[in-house]
Amino acid sequence: MDRSYVVKIDCKDEKGLVYKISETLYKDDVNIIANREFVDLHTGKFFFRAEIEGDINPGGLKKELIERLPENSNVNISKRKRKNIVLMCTKESHALGDILIKHYSGELNADILAVVSNYDILKPLVEKFDIPYFCVSHEGLDRDEHEKRILEVLSGFDIDYIVLAKYMRILTPQFVKEYENRIINIHHSFLPAFIGANPYKQAYNRGVKIIGATAHIVTDNLDEGPIIAQDIIRVDHTYGWKDMQLAGRNVEKTVLSNALTLAIEDKIFINDNKTIIF
Amino acid sequence: MDRSYVVKIDCKDEKGLVYKISETLYKDDVNIIANREFVDLHTGKFFFRAEIEGDINPGGLKKELIERLPENSNVNISKRKRKNIVLMCTKESHALGDILIKHYSGELNADILAVVSNYDILKPLVEKFDIPYFCVSHEGLDRDEHEKRILEVLSGFDIDYIVLAKYMRILTPQFVKEYENRIINIHHSFLPAFIGANPYKQAYNRGVKIIGATAHIVTDNLDEGPIIAQDIIRVDHTYGWKDMQLAGRNVEKTVLSNALTLAIEDKIFINDNKTIIF
Amino acid sequence: MDRSYVVKIDCKDEKGLVYKISETLYKDDVNIIANREFVDLHTGKFFFRAEIEGDINPGGLKKELIERLPENSNVNISKRKRKNIVLMCTKESHALGDILIKHYSGELNADILAVVSNYDILKPLVEKFDIPYFCVSHEGLDRDEHEKRILEVLSGFDIDYIVLAKYMRILTPQFVKEYENRIINIHHSFLPAFIGANPYKQAYNRGVKIIGATAHIVTDNLDEGPIIAQDIIRVDHTYGWKDMQLAGRNVEKTVLSNALTLAIEDKIFINDNKTIIF
Amino acid sequence: MDRSYVVKIDCKDEKGLVYKISETLYKDDVNIIANREFVDLHTGKFFFRAEIEGDINPGGLKKELIERLPENSNVNISKRKRKNIVLMCTKESHALGDILIKHYSGELNADILAVVSNYDILKPLVEKFDIPYFCVSHEGLDRDEHEKRILEVLSGFDIDYIVLAKYMRILTPQFVKEYENRIINIHHSFLPAFIGANPYKQAYNRGVKIIGATAHIVTDNLDEGPIIAQDIIRVDHTYGWKDMQLAGRNVEKTVLSNALTLAIEDKIFINDNKTIIF
């Protein structure tokens, strides 16, 4: 992967963009391994992603591209490399555990730098895998102070993505801004949706036949950020609400893992409040 | 099927119910082909369904069962037979068409007695299959008067189930009561749910990755009756809202067909606002 | 759609292909609405598809592209238009009926020119939709003679795709060659697979929990051509083999419809014995 | 759960079985929490499962039931309890790891007594969870001698189920007989099926669009025992064969976990070479 990079571009759409980008790459003797583009016809925005290979000077290439692209284009050229992730959790182990095992099995192209939690419940599990565990209790702290302490812990790491593996506290806009578009969350989803306490009990009372999970980028709107991946699992009348919760955990962990893999492979674009997955 | 019946019982749970029911059937020389039961531990209600065979006197058997069961038990014994259904629709043909074709192919154990619509758009389609089509326009009528005219049409038929195959008007409680627990509706469902006009546009703007459909028994609460069946279909960022609508149609028609089949086979119990599917 | 075309290219991969193609399009003042490309790293083949718009001279553009591409490149530029399809069937109506209804509902961007069958069973259904039905019985004819008669019927039409909607006879290599890569078939699929008579009985005896369907391009190898789409449906021990067959029909019709839609939208590439779906 | 038992009965079908069973339970003052029955109309076999509660003498109850049931009936009454399981593996950690995490999270109603492998590769992972790991190398041993050593290890444990979590060696009929109907295996499945070396490469070359996994009871016929659970995952042309393998792992682990849960809850009946899942 030494000479491998990912180019991600988004800008105003106009004629000739693919030509201009590909010419620039070609003249720099860059090999395109794979590329995709998408034009959002509603917003007139152009999205481009390419996996490229060669003796590349990322800064120079970026400059060349920006010169040929419309004003205010976003160009990102990053080395293809193992990503650095930090996991955050509270008390539940299913989503966290799945990522730990995938990491252990070599199925994630990422290093888990640390796990941060507001409880110490999952410390024994995390330490089995020789991953640093930071318990930052929220007891007796207001939200800002608690987050400040977490941010201090996080500041010690060079982080590509933060994964909220059932971290059950709401993040402030300041926190979200600090890691903008780099925080991934998972939450259960139902059809219809249920608002308020214990959604599984509500779903049980409503007699839903499927239970879903949604992985999304965290924004200031709680649970309302751009959706990366969704899936469902079937349930029936023999499921009590705890059975539904258990079933829900299975789909939550699968969807979060899939979303994380897409992030690690630089396949996610943010398009307003939506994602484009290449 | 001449000597085949379906027994459906729901009552307060107590010890010995299966024994009392099965003894009654046994002593009457009735053969049980299949049976299922379920106890809702939350409400303490008992549900039983059996497919039985023999020289059966349904009235007498029902009386015997009621004598041995707790007070206020519901016992229903019906001949296994082709059901009589009426379809209601407005302008869209996908759900209606799927049922027409299944009916034509002999895949539904039901006769379609009539199709009722507030438009005449689908008349040519329905009449291809030699099924009576009643256009009862709502133009210039208030809701009650319009429904009165539909009820007049329906009163001419002995109906087991009414299927709302994209009938886009809200039914009044009076109408629903007339065919209580016998009206099946289909509607699109999303995670999250979207309220208000053009949910597909909202779903598009939200960037959902799956689109669902829910078939349910119609109650006074619009789109909130007991769920019979649900399913989903995957979409991605290349889907415009009209593509989503098209994908949604496919899952709508499949889910409605499946729900109708369950109804035709007497496999649905209503348990408060939920269903039990045996 | 008047000025809309689809460009499909496959050729030996080499550096600069996207640049050369996009430059050619740009200089001809062609607007790219959407494009995708894929390099098969195993075979070193390059695949490109673009939806373009403009005052286009397809013959001239094709020539220009071929001049800049590697030797033996395949370049296809076709107007985006409603496709012409012919359906072939035998006795079963589920797959055929689904396409007829979708066509009637305006959900297919295609015209059904004719239905050809070796039986007249489905004639009444097809004629409801005012589509010509040709019954070419195989009775008393050897395979070659039977196919010759079918080819005579087909020769009267300008056909983009032939859809085998449960046409239960094997086509000869001559027939397949005549409509190379333009014949789409559907067949049931199981895990594990079952060879020989009545696969549903075998699947029943094996106690499978899912039943699948595969839509594929027809080649000389029976049921072994490039796969376009696959899906499955769940079954359980309460399904007899006829119930499995009925469930199988539902998934067959869905998968065939989806495959047909991909074909109609020119989204299928053949890559040896595989497909690339853009 | 102290007074909770599961009754499983299979026998020749005849009239009055549910009555006789339920009467026996009722007269012994046993409470039925849930029950299901199924008659296989092809083989004329009757299957019954009930979760019961009360002051139960399992030996006495079994005797009473056998007296009233047809000759050669199988009656099994077992306390509802945490099951004892042993996992067997070779080199791959995905299926093993998923079970370890579920066990750690308290999601399995079972204790993992030991892990047995023919390699020591997974020892560090297993020992993180304080579970005994037995490496029984097959190096230099013939199959019988190797199995003899494994059976010696297993003989030290009171085992309800053995789970082959990607144990890549074929078990002899003697081994299978020793733990008859209590060994659960997982293997990848494809439509179509591929026989021989590296099925993922074959599936890649064939261009399959879905990859499946099958969990089954191990019998003498390799990979051909009664199927407990199956599921699939979607792939496309961008998946190389190693990507397919990775996707396959995800579905393998999910299906194996689900099958294990069904086994732990005593929900599986063997019906010739099929299962009945209650």
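In this document, chain identifiers A, B, C and D correspond to the written order of the chains, with residue numbering beginning at 1 in each.
Everything below uses one rule, namely that contacts are C-beta pairs under 8 Å (C-beta built on N, C-alpha and C of every residue); 3 or more make two chains touch, one makes a residue touch a chain.
Quick caveat, the model's predicted, so the values are computed rather than measured.
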{"item": "Most remote chain, CA-based centroid, reference being chain A", "value": "B"}
{"item": "C-D or B-C, whichever has more C-beta pairs in contact", "value": "C-D"}
{"item": "Distance from chain C to chain B - Cα centre to Cα centre, in angstrom", "value": "35"}
{"item": "Rounded Å distance between chain C and chain D, as computed from the means of their C-alpha atoms", "value": "41"}
{"item": "Chain B residues counted as touching two or more neighbouring chains", "value": "34, 38, 41, 238"}
{"item": "In the complex, chain D residues that touch chain B", "value": "15-16, 18-19, 22-23, 25-26, 29, 31-39, 41"}
{"item": "Chain C contact footprint on chain B (complex, rising order)", "value": "34, 92-94, 97-98, 100-102, 104-105, 107, 125, 128-129, 238, 246, 249-250, 254, 257"}
{"item": "Complex interface listing, chain A residues touching chain B", "value": "38, 41-42, 189-193, 205-210, 212, 214, 224, 226-232, 236-238, 240, 271, 273-277"}
